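In what follows, a structure is listed as structure tokens, so that the remarks can point back to it.
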Amino acid sequence: MTANEITFYVISGCLLVAAVLAVTTRKIFRAAIWLLFSLVGVAALYFWMEVEFIAAVQIVVYVGGIVVLIIFSVFLTQQTGKEMTRAPLVRIISAVFAVLLGFLLTWLQINHAAFTPAGKPFNWDVQNIGSQMLSTGKSGYALPFEAVSILLLAAMVGCIVIALKSPDHSSNNHPTDNHSPNKNNIE
Amino acid sequence: MSYASYIALIPLLPLTGFVLLGLCGKTMFKRTAGIVGTVLLFIAAILAIYTAWQYFFVNGKVNGVYEPVTALHFQWLSFSETLHIDIGILLDPISVMMLVVVTFVSLMVHIFSLGYIKGEIRFATYFAFLGLFTFSMLGLVIASNLFQIYIFWELVGLSSYLLIGFYFDKPSAVAASKKAFIVTRFADLGFLAGILILSFYGESLDTGTLVQRLTNLQSPQYLAVTTASFAGITALSWGLTMVFVGGAGKSAMFPLHIWLPDAMEGPTPVSALIHAATMVVAGVYLVARLFPLFYINHASLIVVTIIGAVSALLAALIACTQTDIKRVLAYSTMSQIGYMMFALGVSGTGDNSQGYTASMFHLFTHAFFKSLLFLGAGAIIHVIHSNEVKDMGGLRKYMPVTHATFLVACLAISGIPPFAGFFSKEAILHASFLSNKLIYAIALFTSGLTAFYMFRLYFLIFWHKTTERAQLHNEGSFIIKGPLVLLAACSVLAGFIPFGTFISADGKPHESAVEFSFSVAPVLVSLAGILLAMWLYKNETALPRKLAASLGVAYRIVFRKLYIDEIYLFITKKILFNLIGRPAAWIDRHIIDGLMNGIAAATSKISFAIKGIQSGKVQQYTMYFLGGVLALTIVFLYLWT
Amino acid sequence: MKQELAVILLIFLLLFIKLGKKEWKNERLLTLLNILLALNLVSGFTGNTSGNLFGNMFRTNELLIFEKNLLNLGTLIISLQSTAWLKTHKHVPEFYLLLLSTLLGMFFMLSANNLLLFYLGLELSGIPLAALANFDLEKRRSAEAAMKFIFSSAFSSGLLLFGISLIYGLTGTLNFPDLAQQLTGSPLAIFSFLLFFSGLAFKMSVVPFHFWTADVYEGAPVAVTSYFSVISKGAVVFVLLAVLYNVFGMLSGVWYNVLFLLSVLTMLTGNLFAIRQQNLKRFLAFSSVTQAGFLLVGMSGQSPEGSTSVIYFVLIYIFSNLAAFGVISHVSAVTGKETIDDYKGFYKTNPVLSWTIAIGVFSLAGVPPTAGFFGKFFLLLAGAGKQHYLLVSIAALNIVISLYYYLRVVKAIFMDNNAEPIEKLSLPVSAKIAMFICLGGILVTGLASGAYQYIHSLMQ
Amino acid sequence: MIPLSHILFVSTALFFIGVYGLFTRRNLITMLMSVELILNSVNINFIAFNKYLYPDKLDGIFFTIFIITIAAAEAAVAIAIIINLYRSHQSIDVDDAGEMKH
Amino acid sequence: MNLSLLVIIPLLTSLLLLPAKGVKQVRLVALLGAAVQFAFCLVLLYAFVQERSSGNNKAFLFETDYSWYAALNIHYHTGVDGISIAMLLLTAVVVLAGILVSWRQASNSKEFFFLLIFLSLGAYGFFISLDLFTMFTFLEVAVIPKFLLIGIWGSGKKEYSAMKLALMLLGGSALIFIGLVGIYMHSSFNGTHTFDLTQIAQSNISLAVQKIFFPFAFVGFGIFTALFPFHTWVPDGHSSAPTAASMFLAGISMKLGGYGCLRVATFLMPEAAHYYSAVIIVLACVAILYGAFATMMQTDLKYMNAYSSISHCGFVLLGIGMLTKTAINGAVLQMVSHGLMTALFFAAIGMIYDRTHSRQMAELGGLLKIMPFISTVFVIAGLCSLGLPGLSGFVAEMTVFMGAWQKAAAFYRIATIVACASIVVTAVYILRAAGAAIMGPVKKIEYNQLTDASWNEKLAAGVLTTGILIMGIAPFWLTKLVSPATETIMNKITVLVNGNII
């Protein structure tokens, strides 16, 4: 087993363990940290695959952006030290069952497909990515780029509208709702 | 030889009366409705008599027989190339005779009704219905097509229904009208089935063609109808028996007679017309019309004979015990029609067709004296306002004309010479004597009974003890008395018509063969009956009661009309309503409808049962999502490939 | 591309309005926007060219243009209908901005000739919608709806992406025409197809991927609900149609069975859940689930007639659903009443609105002479195209079940008595215009065969 | 040389770990974290396929970049919604937001 | 003769109703519309007879054919034969009478008349259509107005009944739909699928296919015409409906089913009709007798008439099931007759109900004294129902019996006799109803204040009664009208069936 291989297994192992912990630990802050580790692990995997650019993007966006965002929202909404309530046992059991079954099925299919590597070296460079990203010709990605920019704009506007506390309603701590909770049920 | 010009008027005139009086009788003919109806009928009667004169005496015989003449004929409803209902007018001896009888009796009843029904609010309606009846009856007798008979058969049933229920606010009248219609309708079902059977094999609905084809032993139709069979009985027997069932219903033959006594709820003149003289003999007329067919089918003829004889006897027995004047007359009618029936039953054709002639003869004479009896009873009821004989008595002093005519009628029905009944009844007795001694014995016995119960009635009404009611009123106007006298005259004279020369089974005339010596026994029997009645009922004595008591159970059974009504009631109420109707309605509402509703209810149940799936928890939703994908994967990768 | 550019133009216009100093009054802004949307719709019909752009990543043809016009039309109607609600809303420009970006997303999705653009379009039409669902900012249910939608949608796009990644792994291309040739019936291809399909089926509310539908429809503002049920769904139907026929054509044996199974499930489940709903929005949600089932029946026909009938049905569905939703939206905005019981006796006070709902509902139910009848008839006829009658029979019976609850609404409105019926309401002008468009559409589209013939002519 | 299937194993495992988290976490923010895991697993797939199978083109890489971007946007909107939900429900427990059902 | 006028006139009428103001204008417009339509139908009859007597022997006359949905080969194809003419006349008469009867409809009269007219539009369109799609469309058009009419203006448990009726009828049309789709898919004319009736009739569908789709089409249409056991909408629907709607329901709507059974199911799939004839006959006989017995137990007049409709419509199905020319003729006659008779019956019951506010036989009584006109109408309708000669019922029933009797096998014989037996039961329930409600003593004193029929009611009853009488007294013209059309159907059946058997 080469060092390369060992590195892979170590990274993968850490990544998966961190991921498992991220979805099982009962302290939310720890969960966020495990998630961070897991995402870093993914970045490491990219490094291992020699796709450094993506690894960088991964770290910048996820670690620098999303995880921070998550942690902020944790602070905004929760006492960090408190243990989270566990889901009902039935749900956990069925989730385990469903997930295992799903994994099994998926893995069976993937394994069965027997992909044959092309055996060619993977040549990419940032410049290439950059020029393709803004090219409108064949295998150019200008249009997706524009689309995603609109998406980001829309998401931003949406976030502002939703998350910003409107000053007029600051006093309104008890949201009103026209419906009593059970009105939609006819028993 | 053209009859069409005026003969169609005979039925159409009463119809005009019906339409005219029915549509605008209330507004236009408030008082004159009766006059209008009567005048129209008067014209019809004149035409009928003229027709008879022309038929029998002007046109006369062709090749020694009176030819059937189809005076008018058009296709009314076509079923197929061979089967179609034709409306037509067929003149032959019996239909011409019936024309006369119907129009004449109807005219008498019309006139009588002018007095009888006066003051009634629905005066116009009454005459309209009478018109309708007369029209239907005429249509029936002149029918050339079997289905035409059926059509008018139903229509006379309707008129009967309407007239019985004329006093519609009396629940008993309503019930009686209902009963009459339903019982006859039941019988009509038989008639209809008979028509279906005969027409299918005979491939025609025309009476003449049918008779001609099915009596021709070489015709394919004859072969078909005699070879086809169901339950071991040939189609011909089935068809004729079924037709006879229809006739028996209309003619109140045992056991379909139960409607007739109840039908007396109608106005008495109506009873005289419909339930004595005309409609009830339609059954006899029907059998006579198809007589050649019956004749070749011995089985059905036996049925006719037996039913006729049994009816005659039973009705006479029951009549002896009844106290309602009209009911006695009703049973008497039934008994007399029984006579006519078995007379047909024992008849042969050709030279042997005495029974046929006798039957028709009796039909003819009976029409006069029985309507006379009813009208007499009507006159009495008009005065007494009761049907019960116990309210009458000693009326001979107060109602002399009625008394006299009633006596004539009683003598006529008892078969005392020289009244009309004597001749016709002797002919029947003679025919049965020649054919079957048992029938003859029954007939003779019944004849005695007839004399007994008629004179029982006579003595109870006109002699016996005078009641208070009897003294209250006078006899009534000329309008009431006139028809009585006319009919009495007919009852006396009708017997002298040489009937055999006009009517016989095959159209060939034959002389009446009754010998004087043969008549002795029946007359004696009748006289014995009369004397017995006189002894028991002329004065008020305890004898009748004692006699009844000594007869005990037998008397009770007869008094309760053999419990036939109760049996019917049991069948209809308990079986039809409770065992079929009610379950049918229940099943429909609860099982079939319940099934339909059940489907809806089950859907809604399921809907509620599965609502928990939509739990409102987004994690479960995602789990279902994954579950769905996995299930699809399993199905399409492993199961459904 | 012109239609997309027009929408982008509008988006930027809204951005400037929002960022600009001038304070716009809602009424004027709404009028302006409605006019602009109308212009947008009109312009969509003219001067379009077919062809491919951006290195074949983007394609357009007459059919796509027509489909986009339909979506434009629906958006315009919804906009006209929601004035009563938006008049008092604080974030009108943002609302429209988000709405139009989702529309743009759908356009991209429709025109995508490439999985990446397709995916982006899908997300662009999904993520802002989640924000829109939350636009009743003070309502608990609105927040709940948005949350349910974003998580369900995230999960579904996760599966979809996984499927796309496998497809990519199998074929090495993202280009639709290439994919169509390379995707064969290998198990992994089928598996990745199922993942992909489920992601779209989610948007179309196909059972068992429909669970979000009712909750989101109920919680979201009515305008957004209409948008969900008509535009979003319609776009996905168009896309699915194109994708199934063009990309997964080689797998048609598989997806016919998938459609068969899911359409039966969808119709049944939608019906069974709709039967006992009290809340009208929830009710319409399940009814739209059922309609999705019928659409699948038509899709399974695999013929030009099948595609035609599906698109035709969407057109009719826009009119019918919006006719009903339009009134409900107004009533909800003015009185806050949304349950069927509230609508008892509605006919006594608001006959015109009652008839509008009734006609809409009849059209949804598929009763002639409304267009819905024609739509359903042709869908089912197309579904029988391969002489498979079982599916059509099941669908026909489901139509009967669905009639029960549609008629239940009519019954409540017309036949039931109510001590306190909803008071007399009058629609704003814009909503009236919308109403007439819808009713006109319902009555004309079916009886005049033009629309169907036109769509059919595009199917070459 | 690590076979491709091992990398795919990792990504698949990561995917289902994320799914498990999404199924069982009651805290909305942790659910969001699970979603991120799911998206990451897809990214790994894309990169791996691109590198090992189709090194000629950069489709996988681009897809990944866009997924990351969209993940960010999605996360942002989701967090905004969560915050709004928290404001109205005073809770970010997913089961507390289950008013609408049946 | 442009047949489309039959659809256009009601359409215009209903459109004219929209701007009409007030009850008076509304009902006037409705009446005018119905009268014009009636007149047009008479003109059509005249033209038809003229055309036929001038030797035009085409199966359908006055055909017009427009392509509608060209892509699916759907046409708007109209044309009439004798059967359709009879049905159109029936519809026109019933519509006219129905509008007259509802003259005093006060609440929401505009919508009421609108729906009535719209319902009739569906019926007219149905009867003139020669394209299955068009036909089906018109059939469904006629359903929803019934639902609304019953639910809004009905009485009793109206919502339940309306719902039940609508669901069962639309369930029926779902079955019809399946049948139509099957026919369409297996028809081929010049290489394309077609909905055109005349073309399908020429493209012989294989027996195996017919066997599958005939039951769908037949049962589907059968539900409309109260095929046992799918008849349960009939009692509830009819009894809850307002008078005019009851008349339309029983008089027109149920005929749609019978006509469809004949024109679509039997005509297009004759071999299957032959194959299934025993089943049809058994069901029809059950409906006839069992319906009659169930009728006997009803205490509510409307229920009684509704149940009797089940029994009477059984004759239609029996006639069709027997597959002889006479029997099919009879089925058509029975449709016309039952339409007129039952409409008259419902009209009379409605008039009684309007005055006494009761339909229970036990509560009524002696009405003949208080309202002689209405009572007479009631009795006439009853007599027609029990098949009295001189009224239409007799003609129709006898034709069915005669036709049924043409089949000599014992099974058919027994079926015929069973059907015949119903005439007795019919008499029982009709007389029972008449005896209880019309005759007898007056049960309530306040009834004595009630008035007899008003002019509009008299006119309505008069129109229907005239129809009944014309048909009852002079049936020959009607059979002459219908016979050639049934012959066309029969020829097809005979040829195919014989061809197969031999």
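First chain written, first letter: the chains are A, B, C, D and E, and each begins at residue 1.
Simple rule for what comes next: a residue touches a chain if its C-beta (ideal position, glycine included) is under 8 Å from a C-beta of that chain, and two chains touch if they have at least 3 such contacts.
Owing to the predicted nature of the structure, the values given are computational and were not obtained by experimental measurement.
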item	value
Steps needed, at minimum, to go from chain C to chain E via contacts	1
Most widely separated chain from chain C, with each centre as the mean of CA atoms	B
Maximum inter-chain contact count - chain pair	A-D
Closest chain to the centre of mass proxy, which here is the mean CA position	E
Relative to chain A, chain with the most remote C-alpha centre	B
Averaged-CA centre spacing for the pair chain B and chain A, given as whole angstrom	99
Centre-of-Cα separation between chain D and chain A, whole angstrom	4
Chain B-chain E separation of Cα centroids, rounded to whole Å	36
Mean-CA-position distance for chain C and chain A (Å)	29
Residues of chain B engaged with two or more neighbouring chains	600, 611, 614, 616, 618-620, 622-623, 626-627, 629, 633, 637
Touching two or more other chains - residue numbers and ranges from chain D	15, 18-19, 22-24, 26, 31, 49, 53-54, 57, 59, 62, 66, 70, 73-74, 77, 80-82, 84, 87-88, 94, 97-102
Shared interface positions of chain E, touching two or more other chains	167
Pairs of chains satisfying the touch condition	A-B, A-C, A-D, B-C, B-D, B-E, C-D, C-E
For the chain A and chain D complex, residues of the former touching the latter	4-5, 8, 12, 15-16, 19-20, 22-24, 28, 31-32, 35, 38-39, 42, 45-46, 49-51, 53-54, 57-58, 61-62, 65-66, 69-70, 73-74, 76-78, 84-87, 91-92, 95-96, 98-100, 102-103, 106-107, 110-111, 115-118, 120-124, 128-129, 132-133, 139, 141, 144, 148, 151-152, 155-156, 158-159, 162-163, 165, 175, 181, 184-185
Chain C-facing residues of chain B, complex	600, 603-604, 606-608, 610-611, 613-614, 616, 618, 620-622, 624-629, 631-633, 635-637, 640
Residues of chain E that touch chain C when the two form their complex	68-72, 74, 111, 133, 136-138, 140-141, 143-144, 147-148, 151-152, 158-159, 162-163, 166-167, 170-171, 174-175, 177-178, 181-182, 184-186, 212
Residue numbers on chain C that touch chain D, as the complex places them	115-116, 119-120, 123, 127-128, 130-131, 134, 137-141, 143-148, 150-151, 154-155, 158, 161-162, 164-166, 168-169, 172-174, 214-215, 218-219, 282
Touch list for chain B against partner chain D, complex	611-612, 614-619, 622-623, 626
